[in-house]
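Chain lettering (A, B, C and D) follows the sequence in which the chains are written, and residue indices restart at 1 in each chain.
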Amino acid sequence: MIISAADFKNILLNISDAIEKNVNYLTELDAEIGDGDHGANMEKGFKKIKQQLLASETQDGGEMLIIAGKVLLNEIGGAMGPLYGGGLVKAGVALKGKSSFNKNDILNLFASMLESIKSLGGAKIGDKTMVDTLEPFVTEYGKAIVELELPEAFEKALISAKKGMLSTKDIISRIGRSSRLLERSKGHLDVGATSSYIILESFYKSITLLLN
Amino acid sequence: MKKFINDPTVVVDEALEGYVAAYPDSVEVLSDARVLVRKKDPSFAKVGVITGGGSGHKPAFLGYVGEGLCDAAAIGEIFAAPPAVWIYKGIKKINMGKGVICLYGNFSGDIMNFRMAKTLAEMEGIEVDEVIAKDDIASSPKDTMENRRAVAGEVIMWKVGGAAAAEGMNIKQIKDVASRAVFNTRSFGVGSFPCIIPATGKPSFKLEDDEIEIGIGHHGEPGIKKEKLKSADEITGVLLDAILEDLPFKNNDTVSVLINGLGATPFQELYIVNRKVTEILQKYKINKLITYVGEYFTSLEMAGFSITLTKVDDEIARLILAKADSPMFKQFDLNK
Amino acid sequence: MKKFINDPTVVVDEALEGYVAAYPDSVEVLSDARVLVRKKDPSFAKVGVITGGGSGHKPAFLGYVGEGLCDAAAIGEIFAAPPAVWIYKGIKKINMGKGVICLYGNFSGDIMNFRMAKTLAEMEGIEVDEVIAKDDIASSPKDTMENRRAVAGEVIMWKVGGAAAAEGMNIKQIKDVASRAVFNTRSFGVGSFPCIIPATGKPSFKLEDDEIEIGIGHHGEPGIKKEKLKSADEITGVLLDAILEDLPFKNNDTVSVLINGLGATPFQELYIVNRKVTEILQKYKINKLITYVGEYFTSLEMAGFSITLTKVDDEIARLILAKADSPMFKQFDLNK
Amino acid sequence: MIISAADFKNILLNISDAIEKNVNYLTELDAEIGDGDHGANMEKGFKKIKQQLLASETQDGGEMLIIAGKVLLNEIGGAMGPLYGGGLVKAGVALKGKSSFNKNDILNLFASMLESIKSLGGAKIGDKTMVDTLEPFVTEYGKAIVELELPEAFEKALISAKKGMLSTKDIISRIGRSSRLLERSKGHLDVGATSSYIILESFYKSITLLLN
């Protein structure tokens, strides 16, 4: 499977819609052990990403990612600005110049993003952050594409991502706001892990739609 | 939610506009980034001081942009760190060739954005350094005090760092003395009613009618434990004892005292707290350099208060007593 | 009721103790009357300025005892006028042979106690006069404006009268200029949540979840009407239009602006209000001398705000811009 | 009927108790159209009056009234300090030196008090204040003692006082805090008129107890 630039843009636009649909859920999750703003932050960011992507005529998928990342870096702030924003810019730089994407490019995208997030935020698996969703995804996807096609590999990796996201429920947070709660952070999903999963899941749904 | 606002999504922008409209001779906002800067240049080239963070903490952060305090503040959304690019633009604006020091609080969003801004500025040859306040003893045990979040103790960091810059110290000297102030500052607070974030319209936490949260964070983060409401004297005793033990503060130490209301708690109650603080400090023969009582770092309309003690040496004392003049923090020179 | 207090019956005493403990170099309390007085004598014998009223309005009244403001404040119980004998003792204490002017608000309890105090002092040959603030346009129509109660406009009266005394004016001159300031001052406010009087533990009034009270008094007295909550801009428009019409304020007038939070309303919202006030004043080509935004006269933890406009002439402008230095109201000399 | 100094003191002490019993009622009434502090003010004042009277050995009824009045003037403030306090002092001055009281002395007491209240506060009948209770009482009592004994005259005057108190319900307030409400002050009893009635009623109850 090869994703065209136009389809790639749609994938990104669909992610914006998926975030918007889940704003309240994200807000509630963040309110449990954080400060309750994750939903609003993400909504604000991804609405602007949508606007800017729709206004852009670029056929360069890397540029699309940079546009999206810069929106977050320039306007959103919070933890999400540098983490998602820096991650998207990094992924965009990695894919710069490409107007179609095979399964390896998609690995490159998420691996670059993960690397940026880990190096900036310093989180490791088990710290109760988005890394708990993204790292299992990248690891599993990297293994899976050796034998499987993009959609099947993505599906398999998404299952690992979901497991990772769900695992954050039982973890005592070690990073970010919620880490201040110590034991009291247990029993709640991490909101960043959740929004990362929503992004991956939306990506996957868009792919399956492309297949039909 | 019964708030005097227009559109919840532009609350921060409109408030900033109203702030500048109130003090047009003192402050202005950058054209391409939500950064408040001093309007009048200092009388000589000095190290620039920038702060920033989420909104909803008035008078922080914007109220501390003024003479003897900060030269700029990057203004994030309610309770969310400002974007890196804004901070970077603020740094560029206030750099007078002597470099810029970033004085902010220990929240991961702020750290990541300030550090990215620092990288951007350094790439252009601007010297940038930072001091991060970590004064809230409720947020992490002493052996992991590096993880502690910042609360009202940031005000002391700004006062000391801002006065140091105004005296003409270089960036390393400012970093040294502001770090020492941070290291010698301890805060502990309590909350009794939540705040309501305009964007969501929901309370930031829940408490029973007779409950308080010991160790509450400045964004409504849960503290150490929920307890039944006690008398002001008892609560003050619990908070202050923990603070005194943590540094520890000792006989004959001199301290500055900051009793900070979180927003909805009447000043009257803050003074009742200060009454007990004074009594306890006298008991331990700890001297007071100066006492600040009021709203210095709020959390929207949250109810509750925090106590902040800073152990001072001669240099820190001089800087705390120095003149400061921002629209919301005015102090005549007390060293005279 | 979740208040940080000890015994509800001694709230005022304990808060006062805590206040003096915070600023021991600036203020002290008389031994035999609950009257706060300036500690340092002025540099020359001047007319004494005394105010006073019920408690629960912090920083009023005690926060206005300082240089360029009042020399004494008699402190009543929560929302109740102080006893005549205390006021009388305060007058005696601050009289430097030039007489004493009483600057207070139009509440019958205050009037009766101040007038009895005046009689007692005059019997001892002390010259005493008074100016009474009546700035709240919501409390009586213009043709009976003598009946209007005082709200945050008292602050402007203290600023003007206090600066006049500090300049060395005699009692008649002070009365003239302070009366003129009062006559040219108009306020109008709105409330959204009640306060809770510690002694009773009950809310001062009731409002539905989406209701506000237009014209609320500083003790929770009902205003002109209850209305559905509107946008900040709309409410500001309603309040300011009524204020502008009442004096009336005209093109090319110069005014001081005071946006006062009642206690629980976040500063952010006050700035959103100021944004609209600025816009409207610009529309009418009314000039701003100075803008005060903050908590200048609260009602415990009541939520809401008021807008106060004072039309200034050259003399009033000079006095408003003069230096003031109390623990809670500091202003550098802006006439320089 | 002649009231002895000891009985007179008991009458005053009983008034303190009556006020204490009605604190919540007075607070509620004041909250309706005032600032809700009348109950607390009166309680604070009359508790101290009780203490001071119990501590005093004077047999001079006038002095007792002065003691009570001074407590209010020195410590209570509000409207009640000067109104009730000044009134009691004035009444005490009128009765100074007396250690027993006939029906004329009681007239003298309440008439002096009323005069002080009216001249200080400037209220007239119909302004919705304590004057609406006290003035009908004094007028009726003054008329009644021409033919009746103290208890009977007091009883008759108390009925007028009650009528006066109840009349405040339909009045639009013209004085004090509640006057700011204009029409909205209608439909609520005036709290000062009510506390004045409580005082008179307690006075009357004490007299009837003396008769048995």
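Rule of thumb we're sticking to: a contact is a pair of C-beta atoms (placed from the backbone, for glycine too) under 8 Å apart; a residue touches a chain by one contact, two chains touch by 3 or more.
Being a predicted model, the structure only gives us computed values, none of them experimental.
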{"item": "Centre-of-Cα separation between chain C and chain B, whole angstrom", "value": "29"}
{"item": "Mean-CA-position distance for chain B and chain A (Å)", "value": "33"}
{"item": "Distance from the mean Cα position of chain C to that of chain A, given in whole angstrom", "value": "55"}
{"item": "Multi-chain contact sites of chain D, meaning residues that touch two or more partners", "value": "none"}
{"item": "Multi-chain contact sites of chain C, meaning residues that touch two or more partners", "value": "none"}
{"item": "Graph class of chain-chain contacts, one of line, ring, star, complete, other", "value": "line"}
{"item": "Interchain pairs in contact, sorted by label", "value": "A-B, B-C, C-D"}
{"item": "Residues on chain B engaged by chain C in the complex (per definition of touch)", "value": "2-6, 11-12, 14-19, 21-23, 55-56, 58-59, 190, 192-193, 195, 209-210, 212, 229, 231-233, 235, 257, 259, 263-278, 291-295, 298, 300-301, 303, 305, 325, 328, 330-332"}
{"item": "Residue numbers on chain A that touch chain B, as the complex places them", "value": "27, 31, 33-37, 39-41, 44, 73-83, 86, 120-121, 175-177, 179-181, 184"}
{"item": "Parts of chain C lying in touch with chain D, wherever the complex brings them together", "value": "9, 54, 76-86, 107-109, 112-113, 115-116, 139-140, 147, 149, 197, 199-200, 202, 204-205, 217, 219-222"}
